[in-house]
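Listed after this line are the structures, all set down as structure tokens.
Same chain, two partners: subunit A is paired with subunit B first, then with subunit C.
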Partner chain A sequence: MKKKSDIFLLAFSLAGFTVFYVAPFLRSLGYAFLDNAFTKRFAGLGNFSALFKNEYFLLGMKNTLLFTAVSVPLAMAFSLAVSLLTVSFAGDMPFVKGAFFLPVLLPSATIVTLFSRYASSLPPFLALLIIFIWKYSGLNIILMMTALGSMEKGMLEAAKIDGAGAIRRTFKITVPNILPVLFFTLILSIVNSLKIYRESYLLYGEYPDKSVYMLQNYLNNHFEKLNYQNIATAAVIFAAGLYAVVGILLRAERKRSEEIW
Partner chain B sequence: MKLHALALLTAAAVSLSTLCACGGGSAPKREENSDYISPEPLSAAQAAVGGDFEADEKLPVAAYKNIAFVLSGNTLARIDFSTGERVDLVSDTPAFAVGCDGSRFALVGSDFAALYDYDGKKLSEIALEPEASLSYYGCAAVDGDRVVFNSSGKKSDSIFLWDTKSRKVSELPSTWQAGARGARVKSLSFGADGVLYSTFITNAEIAGGDAASSVCDISEDRLISDFKLAASQDGGRIGSDGVYYYVEPYAASNGESWSYFISKVADDGRSSTVAMISPETLKGPGTDSNIIHNVHDDSDFLFHDSYSLEYSDGSNFVVYNLTAGLLVAFNISDSAENCLIALVPETSEQHWYSDAVKELAVQYASESGMQVLVNAIPKDEYDDRVRTKLLAGDDDFDVFFASGALLNSVLKNSAYYPLDEFEGLVNNFDTVLAEGVRGLMTADAGLFGIVLRAEYWGCLRETQESGIPDSWTIDDLFKFCDEIPAGKKVFGDRYMITRSVCNVIEDMIAKDGSIDEKRFSEILSKLKEYNDKGVLCDGSADNYLTYGMLAFDGFNILGNDVGEYRTVVNPTMSGTNYLTVEALMVNRNSKNPESAAGFLELFTRPGYVYDNSGIKQVIGRDITKNSIWPNIEPQYQRVYEYSMKQYKDSKPSVLEALDGFSAEVADEVSLVFDGAETPDDAAKKLADRLSYIYLE
Partner chain C sequence: MVKRVSRLFIAILAAAFVLPAAAVIVASLKEGIKPYVDFFVWEPKYLRALAVSMFIAFLSSAGSVAVSVLAAYVFSQIKFRGRGFLFYIYIIVMMMPFQVTLLPQYIISKALGIYDTPAAMIFPAVFSPFAAFLLTQIMKSIPRDSIEAARLDTSSTLKIILRVIVPQMRGGVVCAWVMMFAEQWNMVAEPLVLMESEKNYPLAVLLSKTGPGAFSFAATALFMLLPLGLFLIFESEILEGLEGYRLK
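And now, the complex of A and B:
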């Protein structure tokens, strides 16, 4: 009986997933092999090879990956440090959590209005980095603080009695204990780093400084040029890359968990 | 492992969908288009009701779908359009206004209001206090137990609500009048959701000024929208769907027929047609609608009946032909068969494109029996919405307007229906339109559309004695600068240089697909050198040339005072002219490409092409056939003749399709001329920028 209800409940989720994610994915995949969204002639791998020769696609890809590679570790480290310090000194105070979470709730337009005065005097990449850390670290901090708050305190006290210092306790006990949450926030940060395009677009427009020309700039501009085959191909390439990254991370996390437990 | 696979698939799919969504906001999808309703099949019924148009006497009328109530004299009659039955229900009533819903009607007089069922049985009645009474003419509307009516005060109207259940009459809040002080109620109607709507006449309109209309949700005391109406949009009302509809007569451009459009006005004042109605449907026997040729300015003027819309729900309409004393009820279905849909951009102030399309739509309907509905899309949304529809492969439109970046992307992707197979149209390109126009309107996939406007940047006020050739290159310009007499300079201002530099860039793009930085820097250096000498554009010397954007149609040419001077196109590198082109094209997925091409063919016929009394299209091949040619002064004739030649070897401008690039060229020219930047740096910046936005 329970199984039937499980399947019934799962059916809605699967239907939504199929209609809103799998079907568009497959359709986009189809476009990637057409020469043109209008003439619809089969182009084989022509779009893929053309895209890898397109300097602006490569620039957008490079900048997007670079931004993710720089911003995500910084945001993670910052969030973890703030969480540890806050839990140590202020405890699990709802007000503190709320204060950290506030930037997440702000619309991009508001953030850009706040930052536009300072953004012009900073290198664009740095300006976006600051906005990203300020906006998205709050969510990480909330999750990390919650994980830290629910951790078994006895282990830390035992380690302390055994003479372990604060740094050792942090990296040998605290971090391994909240590893699943850290992994989740890592995935979340990667996804959020791809969303920085909104702030970039509002600050610098369709054709920003080349240091912050993201993959989404390329996609958006090619929509205006009706080059849907380019958009689809670029998206498929990026999705494949992301698939690989998430796969590696999942595997590493599972391996690490097995080692610990 | 399976869970991990699912997680990976989810992550990939989510990321792909997110990325696709970045492309203009959405992946291709079929967009629900509620802006038009096809008119077929149309069923209509007429009923003579009287009224005296000459005496400005409009009988109080209320209607609901196929039922109408008419108050004539002191008698109220019910008309059933479906059966033609007319029944007198109430007699000897001194009422001034009548309103109704689907089962009841109300009469309002100077000191009473009464509610009846459809058989004339009185359900409720109330005496009105003097401040709520009607003194002359008013409006009324009914929604179940609620009756609303207006009362004319000294300065403005008030609207009263009579709740027949509680038997209370109360004045509705009047903050809705703030947007149009002194406004008088013109119509009252309830929406299907019970919201009360009203339109108003403002003092300005009463005084003969522009008409205006506020659409209000009176029951919530909330102004929904407030917009000006063109004179042709008067006489409408807000339907039960909350949309303002009106009747709009249009004459065909050939002056041989006319028709009526049932149109609606969006909140921002844009107008879109929902149906075309033949003159016979709305015209009573013996009325005298006619197209009168105006000898003075060679235009046609449509003399037509006066109409008032009495009911609308988006599908059913009741129109009061005031001139004929006729009520007409008709229904339009939501079927999209047997009509053409044209998409045009429009703002509340600009109706050029839709006017041009509507004029020929009337002609096309009279010739083919097929109707053309004009779907106006806000100008600032137009390109994105059409792009989305094109990418989604939508087949719910047949003809669309394209210019600038949209035109450029449509041509690059062959996202149009090639017109080469339509002999009549092609023949007109070869025999009617000026030489070179066909080449201008041909891209990789073939003839892409008909040209609505084609403009070039040229110089005015250029004397015959200067020796500037009809077509000159940038090297000719340098030579001219070398030989220029003392006390003279070439251009009136730097903008002419900007346009010339743009021509150079267009040439470079056409040749190599990018800016040749070295050559471009040399040209900028020479221009700066001549400018520093005071012979190019800066300085106090008399100039030969000033700028003007000239269209190939008579209107713009006549709009510029060319005086005794001639025009010269801006210097180029190769002799190719780059024209700003606006086109009407056929949707690649149209269900009726033959009909759509047939409609476009009207734009190329001699009768249309040689009628240059308005802003329309390119001039014809035999310039002397132009209807206004005999009246044109010789100096203007020279402009026409010169413009004619510019089609040859011309191409649609690419730079005009790159938003803001011309402005960046102007900035760079200024920086170079002011010494704030070197020509090398300017060339590099523009080359980088161009590769960014053009070659990306």
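And now, the complex of A and C:
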């Protein structure tokens, strides 16, 4: 019944996506294999081995990984806890969903202005962590609450009668039931945790404390110094990392929900 | 008892999420309305930057939703070879922070001659994969029967999308639009890389260079007014849109 020709409706998006993202990205990859932007000699993997000896690149990579590894699970756990508490005990409350979602739409400048005035003594890593959880949990919470609210209660009741405790019921029944939403919020949380550079830049400028010098700082600063081969090489490594992470996540999700794809 | 305590706890937590926005407004009024008068009367470059922000955010969010609704239809409703892989590429690009794509974006905006114009911000935003990803996820939950039924009346897919699918997922479309708007409104690093004339800078960039003080709080309060207003106007649509995202 569906028309195959409808596939062309994707053309607008795909054309722009290719012109503005894919093609220039592939074009910039060339720099990763040149010795510098002027002589343009092929450098093989020289840029890569140099980068892995660069202490700022390594520091940036370590901090980006650390921030993502700490902030994403924390934000997910916080959102899930709030959603579970609301759905299982507190029930529907007016304004609550809206209140949690509000920070998602608030500009970074707002929170940064406040933080630099009232909370400038906080350690930078902690400050960014708090901002991240505050700013982006709302989206997770709404999606999780909805999924929890529309879950069938029968299985939970049965498990309760069989004597399964609250924690066991949560991890054996509730969590597997809302897995697609958890997957969706996980992806969004990773995206947003990589955007924390914006707040970091507004709060601490281009050269922040060592504990929050991230790969994004490295890329930004080298762009200003016109070190194209450096940032192209770092971008390749970043993209390869994402490629692997998304691949693993998608594979895990597809196993769970064959029927969607 | 458990219900009472948890309701109280959730209420306090929710209040903490709203508090910062309120605190900015309170702090901006400490010296009366003088900083607001300064903003509108004595600091024309801030007003100009506000106009630039509006121009960029409205055009790019509207364009992005228009392009992405069509893309989401194809991704969610049509099976074709390579769909999974293509969507995978969209997700990876969506996850890349701007700093990773900064050199490519700089190269393409120079090549197309849009460097140092608002277009250098608008075009990448129109084609950014986020809206396509979000709308695809929401559109997957539209019952196929209603689309099949509409097929009997018209053979134009565009009509079906506009008259059947978009009205059914109105909340989702509004939600994607407002989120894209807020994202564009919030850009700081992008204009610094893609533009060099300060007269083209949006307000977010100017705010990042304003020192502390009542004026900065007033400017920040005015800056959050538009996203805040959109949120208050469209709150029920936004929540409904996200709630439409319901997979088994």
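In this section, the second predicted complex is superposed on the first by the 241 of 261 C-alpha atoms of A that agree within 3 Å, B and C clash if a C-alpha of one lies under 4 Å from a C-alpha of the other, contacts with A are read in each partner's own complex, and residues count from 1 in each chain.
To be clear about the criterion, a contact is a pair of C-beta atoms (placed from the backbone, for glycine too) under 8 Å apart; a residue touches a chain by one contact, two chains touch by 3 or more.
All values reported here derive from a predicted model rather than from experimental measurement.
By the touch criterion defined above, A:Arg117 lies against subunit C but remains apart from subunit B after alignment on the C-alpha atoms of chain A.
Once chain A of one complex is fitted onto chain A of the other, the partner contacts of A:Leu105 are limited to subunit C, with no touch recorded for subunit B.
Within the superposed three-chain model, A:Trp134 lies in touch with subunit C and out of touch with subunit B [touch as defined at top]. Look at A:Thr146: by the touch rule set out above, it reaches subunit C but stays clear of subunit B. In the superposition on chain A, contact of A:Leu226 is made with subunit B only, not with subunit C. Applying the stated contact rule after C-alpha superposition, one finds that A:Thr39 touches subunit B and leaves subunit C untouched.
Contacts of A:Val96 after superposition on the shared chain: subunit C is touched, whereas subunit B is not. Counting the residues of subunit A that each partner touches, subunit B and subunit C differ, and the larger count belongs to C. Of the two partner chains placed by the overlay, neither subunit B nor subunit C lies in contact with A:Val72. Of the two partner chains, both subunit B and subunit C are touched by A:Leu194.
Under the contact criterion defined above, the residues of subunit A that touch both subunit B in one complex and subunit C in the other are 17, 20-22, 24-25, 27-28, 187, 191, 194-195, 197, 215-216, 219-220, 223, 228, 231-232, 234-235, 238-239, 242-243, 246-247, 250. Considering their complex, residues 1-4, 6-7, 9-10, 12-14, 16-17, 19-25, 27-28, 31, 82, 85-86, 89-91, 93, 95-114, 116-117, 134, 138-139, 142-143, 146-147, 150, 180-181, 184, 187, 190-191, 194-195, 197-198, 201-202, 215-216, 219-220, 223, 228, 231-232, 234-235, 238-239, 242-243, 246-247, 250, 257, 259-261 of subunit A touch subunit C. Those residues of subunit C lying in contact with subunit A across their complex are 2-3, 6-7, 9-11, 13-18, 20-21, 23-24, 27, 67-68, 70-71, 73-75, 77-78, 80, 83-84, 86, 88-97, 99-108, 111, 123-124, 126-127, 129-130, 132, 137, 140, 148, 151, 155, 157-158, 161, 178-179, 182, 185-186, 188-189, 193, 204, 207-208, 212, 216-217, 220, 223-224, 227-228, 230-231, 235, 238-239, 242-243, 245-248.
Partner subunit B is touched in their complex by these residues of subunit A: 17, 20-22, 24-25, 27-28, 36-39, 56, 187, 191, 194-195, 197, 206-207, 210, 215-216, 218-228, 231-232, 234-236, 238-240, 242-243, 246-247, 250-251, 254.
Those residues of subunit B lying in contact with subunit A across their complex are 4, 7-20, 22-24, 27-28, 383, 387, 390-391, 405, 408-410, 412-415, 588, 689, 692-693, 695-696.
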